[in-house]
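Letters A, B, C, D and E mark the chains in the order given here, with residues in each chain numbered from 1 onward.
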């Protein structure tokens, strides 16, 4: 259980360009904190700095209320899963997992207990005697994960620990990691590229881009109220549909192509005042006009069947918009499809600053009748 | 805001400079502890003799090596005006020039062909590394017979193809080359073994990837093997350099510095000066010069070489 | 990976030719060890009559087994000492960061440049001063610390992925433990290489064992070999060759075993 | 972990103790005899140890002459020094200057021991300033070996070997004519052989009476006597009757035995081996001299035995006893026959074993005859100086220069210059 | 354009257990063939065998109608992306990418053209001079991908080439890879763990488990008619909800807990005859009973908000079933929620053999009115 605080942390590898810039952040003890961001945005770097593997170029790092800038990794009391596993090539799976416990002088009995528990959970029981070289990619990753889990250190750093696992195993591991974190009350800092992991596992998510924090918040808040265009397009899959828009009285003209009736809108609102406006709408908010009235008819230029859902892509001027519908829909490329776009579901951004002006209306959440 | 103030206070309380200094000190002490055993032995068995050598180089000595007359830099002046010493310098450089590239190229070739996964490769590897197991004295004897002016295999071979025999060890044009050939042979085993080790620790995925790209054998050799081997090569080159500068045994056995001082390499000259002529003063001066030369060459090598070396 | 048979053939050809060329001098020695001295001195290539006399004589000339044993003990001492000291030093140079590390390393390297011949007399006096003449310690001590070994191991240690060190730093493993449980096993091949090298060079040492011993009790086999040679008289080359072969045999066996071990170590500890 | 063998220090201590209690006194004897000579030497020591129960001599091999001497110099004057050490003839001055030796003259005087029963030519060399420092032991001189069969083939008289340079040249030419694959003569580039050839003409190596009157200050051979040797070689080279084996004596002997060369000069100590191994009849002859000069004879080579200073009297006495034993005729006879070295005691030649050996190989006798025919003079006493090894090296280089077609005058004058410089340096080093 | 055929291919690393077993497969020229399967099922091994990097233990491999068992990788004319990248550590990004082209002696001009095109597509243009060790995980992976793409070999093997990329970039790369494959007419064998990649990119998917083929077919077919329980639970995320069931006249009793009215059912069908029956239903087929009548009321034991959809987990006897509803639903853990489970949507499996007895009814696909 360690609180982690970052005060104006920055990092540069070559003393010129900063990879991380003025990071201010406080991670609560026992929190599951997810770090997302595009490739190369500095996630691993941040993790490695917290672990004490990279020199901190500037700022202050506190773990459990102690300044630790100067402490060595082993004095920070944490565990870490490396993005490239870092398994000891000469040790077999069992030895790899128990390596740290040996070092910490945990009793033999305890070691075996933890080993058994962990390997069962990870599905590694059969592989204990193998060398890393004889494992598949996913198996190696699980060993790396097991090594971290088994240490039960109060602060746990994980760098894409599930990226090489299949969906089923990943779903399983997701639950297990989360359960373990809860049970042991670990503070977890978790880097992932997986939307589902980010949304379901994290107490909070931080979005990093180009070494700067874009937004920190609860998953659903990030989804519903992305602080800026970057977060909007980064969180959610498929990404939010965006388009430049201008007001023409009550009508909103998107990319010179789509007209949306905005009904009565206060001319005073900043939305109207903004010079350059970008609107966004989530893929699931472009509804098929089956039960509803069709607001628009759009040309389908691509259809993707995911089995449980169907993604239809439309051309909106220069932009491609995607609609996501549950189930399997038989749509053909080239068809004109009637859709329903509700003005309530629009998010408004200032194109220049990228900042959110107005989120989609705090939609009355759907409810099923409770018996 | 308040937090920031608290933080600052805390920050101030921790004297980072002091802690950093302390950590540095701890790291230094730890490093020293790891180095200590070596350092002690070095001091006793290398630095002390070196210092003594330097000291002696300013004196003339009697037969038992005790200093008699302080001559300042005269010993150095003498050796640098002595045509024999200059000749010996020249021979040494030539010898290095012949043996180092020769050894490296041939043993690299051997290591590369012995790196293939073939049946019975272990046997070949043993043969290739075998010269390492043969002492210089024994090896010199082998070569002495090969170089024999009339019955040596080499001249018999030459005569068999209608060429005239060569005075391998007696002709001043050939002696240094002959000694170099035998030296290369003696060094092959060791260099081969080290290079083979280097080759085998290259990640096989790289070759797999290149293989898929359709890279030819030579291309892989040039673009993957050699660069990936560069740390090992660097090591081998540096060590070969130093060893070449310090060659002694085979000279003593094969030519005793002759003909006409052609093969009178520095260390041999030092040895003779000290152990046969009992001129420890000049011997020491020569040793100091040798030391400085090797030092400079190695420094140069580290400056130029280590930059080009790719560690994984 | 598969290899076409024509390519295999090329490789075998290259291997065989190289092996023959390389081994020719040793073959000469082998043949000579079975020749009578008349055959040798009159320049025969093949023995006219194969004789074991040389071997018998070589065995009679000096206490071969005692010498072999001494050589073995001394070489073993030196090898172990070198492995320990070099790996420790190399570890410091690669995995520890401290001020003056590079300078120190260069000083280490610089020691390689001191010609052995220039330091042998002072060393002899040191060993004598320590009253270690005619002891195994005296024979081996000056060779425990070798910059060469440190250098060799440093080059190999540098190839160990830094994540391994990081991972163990995080688990709170101390340097000594990391050195013992990760670095040494992972670098097993280069340790074997260095070990073999150290053993063979110690085995082949002549001048130092001669100087630091005065009687036969702890003398090594190379001195025995030298004793087969004479001054001012004709050498019995057959006997010398036979002696040489007897002495080379253990080292060749060691090389072969080392080679095997090396092979195994490589496949076991492959970094990737 | 090291099971140290503290034999040496213990041994010395024990020797002292034993000396008092009347047990065996131990004498350490360092020598440089490898090969067959070591077998013979060990035999002598063994017999000595068995012959009495007062003294125990431990013979210990210490490498080559150079190695032994270096090592002796580094332990000289300490407990680790041996009682007796074998040093080759050119180390004589080095030993005298070292100050760590007990001249055996002391014991000769004390006991009134008679050294005159030793071969005069041998004792001449080892007497420095009229004083014996060491006991001569293994001695040899160079002789000329020749291939009698080849002589016959070339129409030369195998029983009348060439005596002068000119005769050697002529014989060489004849041999070359009869067999184009065979050269006439080989001279190893070896300073010792040069010194011998010089002495044989009555030439001095060093000034101040070959360094025996006073410390030498320069060479004495800067005249035609020294140069004649170079010129002789040069003439043979020009006629292509000279075989060049450089500094390597093994190659030279092999060349001779396999019929590549008909004559060569080498130590008499090799005589037995050469005769034994040659598939043809070997002749042994005196070394040649220039026609214009007269033969003076040879200088003794080999080594002598020295005694350390500062050892217990008991021990020195014991060593002295051993030294005396070593030169007994019976011992010397065995030694002579076993190794080919001279017997320093001429009476040895009358011994049965020697006579038998001579019967088998009459050539062996020639080596002794040459020594005995030597006229005692300063020239044949040999040069004495502690930089002789350096001198030899310089001469060798000069010879090789000539072998490889260099100019005689230039090679010779360079050599003279260099040797002189070396002498000067050595004298300064000694503080003279 | 190379057809790839595998005849009874098998592989064993240790001469004992087979990692792959009797694989028979024919991949058409120009096909995009996706390989999925749990971690350690032998996907990488299969790829490596096709590439010629692993010895084939048994069977025949044909590429472009030639038997290639004995050919070396370079003679098979293919390119490959390795699971662990296999970048040359001593070469910079540009050199890494051009390595193969150099080897193939492609002209300098052509090299530069392809390099430019590829690096732009991959977003690597800025990193050309960096060494691999100075790259982030995702950047390395992109270099590996670029190296393969740039070679334009007719057969392309990719081992999880996008696993370390973020969702946005991944969506982009997915489209690019697919486009490229189409444009150049490459035959592609593609290993992935990502359901979306598998469903949207592949012409066909093969599911591998324990070294045996489970099913080969078009993505949607695999989704709708999984050949067996394994495929059913492996394809689709969240996985299909499964439960043991017995018939009780018209009523189907699932896990002794849930009763589903099957209406009139022919007692003759093999479903009824099967001794042990397992039924499955997709998460999106457990509908919220908002507009529809509620067939069941279920206890919610977990809710996951993914932003665009909501996953609700119910306890069905010992099994956990998940429902997936589009949008954000405000459900609380512990509530009883009315759901609609239609009997048409049930799949039936023989529990013992695992084989599919009857797929969910060939549901009339949803259609939006076409204008």
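Note that a contact is a pair of C-beta atoms (placed from the backbone, for glycine too) under 8 Å apart; a residue touches a chain by one contact, two chains touch by 3 or more.
Quick caveat, the model's predicted, so the values are computed rather than measured.
J.: Tell me which chains count as touching both chain C and chain E.
T.: A, B
J.: Shortest hop count from chain B to chain D along touching chains?
T.: 1
J.: By CA centroid distance, what chain is farthest from chain E?
T.: Most remote chain from chain E, centroid-wise, comes out as D.
J.: Taking each chain's centre as the mean of its CA atoms, which one is farthest from the centre of chain A?
T.: If we average the C-alpha coordinates per chain, D ends up farthest from chain A.
J.: Does A-C or C-D have the larger number of C-beta pairs in contact?
T.: Counting C-beta pairs in contact, C-D comes out ahead.
J.: Approximately how many whole Å separate the CA-defined centres of chain B and chain C?
T.: Using C-alpha averages as centres, the distance is 15 Å.
J.: Let me have the rounded angstrom distance from the C-alpha centre of chain A over to the C-alpha centre of chain D, please.
T.: The answer is 93 Å.
J.: With chain centres defined as C-alpha means, what is the inter-centre distance between chain B and chain E in Å?
T.: Centres of chain B and chain E (C-alpha means) sit 57 Å apart.
J.: Which positions in chain C are in touch with at least two other chains?
T.: In chain C, residues 1, 3, 43, 121, 161, 226, 237, 270-272 touch at least two other chains, as defined above.
J.: Going by the contact rule already set, what residues in chain E reach two or more other chains?
T.: 52-53, 72-73, 84
J.: Can you list every residue of chain D that touches 2 or more other chains, as numbers and ranges?
T.: Expected reply: 67, 70, 74, 250, 254, 258.
J.: Can you check the complex and tell me which residues of chain C touch chain B?
T.: Residues 1, 3, 8, 11-12, 14-15, 18-19, 22-26, 28-29, 32, 43, 45, 84-86, 88-89, 91-92, 96-101, 104, 106, 108-123, 126, 141-142, 144-145, 147-148, 150-152, 155-156, 158-159, 161, 175, 189-190, 193, 196-197, 200, 203-204, 206, 222, 225-226, 237, 240-241, 244, 247-248, 251-252, 254-256, 259-260, 262-263, 266, 270-272 of chain C touch chain B in their complex.
J.: Would you pull the chain C residues touching chain A in the complex into a rising list?
T.: Per the touch definition, chain C meets chain A at residues 161, 163-164, 166-174, 177, 181-182, 185-186, 188, 268-272.
J.: With touch defined as at the start, can you tell me which chain A residues reach chain B in the complex?
T.: Residues 7, 60, 62, 67, 69-70, 72.
J.: Would you pull the chain B residues touching chain C in the complex into a rising list?
T.: The contact residues of chain B facing chain C are 24, 27-28, 30-32, 34-35, 37-42, 44-50, 52-53, 65, 109-110, 113-114, 116-118, 121-122, 124-139, 141-143, 145-146, 148, 150-151, 153, 156, 185, 188, 190, 193-194, 197, 200-201, 203-205, 207-208, 211, 231-232, 234-235, 238-239, 242, 245-246, 248, 266-267, 270-271, 274-275, 283-284, 287, 290-291, 294-295, 298-299, 302, 311-312.
J.: What residues of chain E sit close enough to touch chain B in their complex?
T.: 48, 51-53, 72-80, 82, 84, 86, 88-91, 99-100, 102-104, 147, 151
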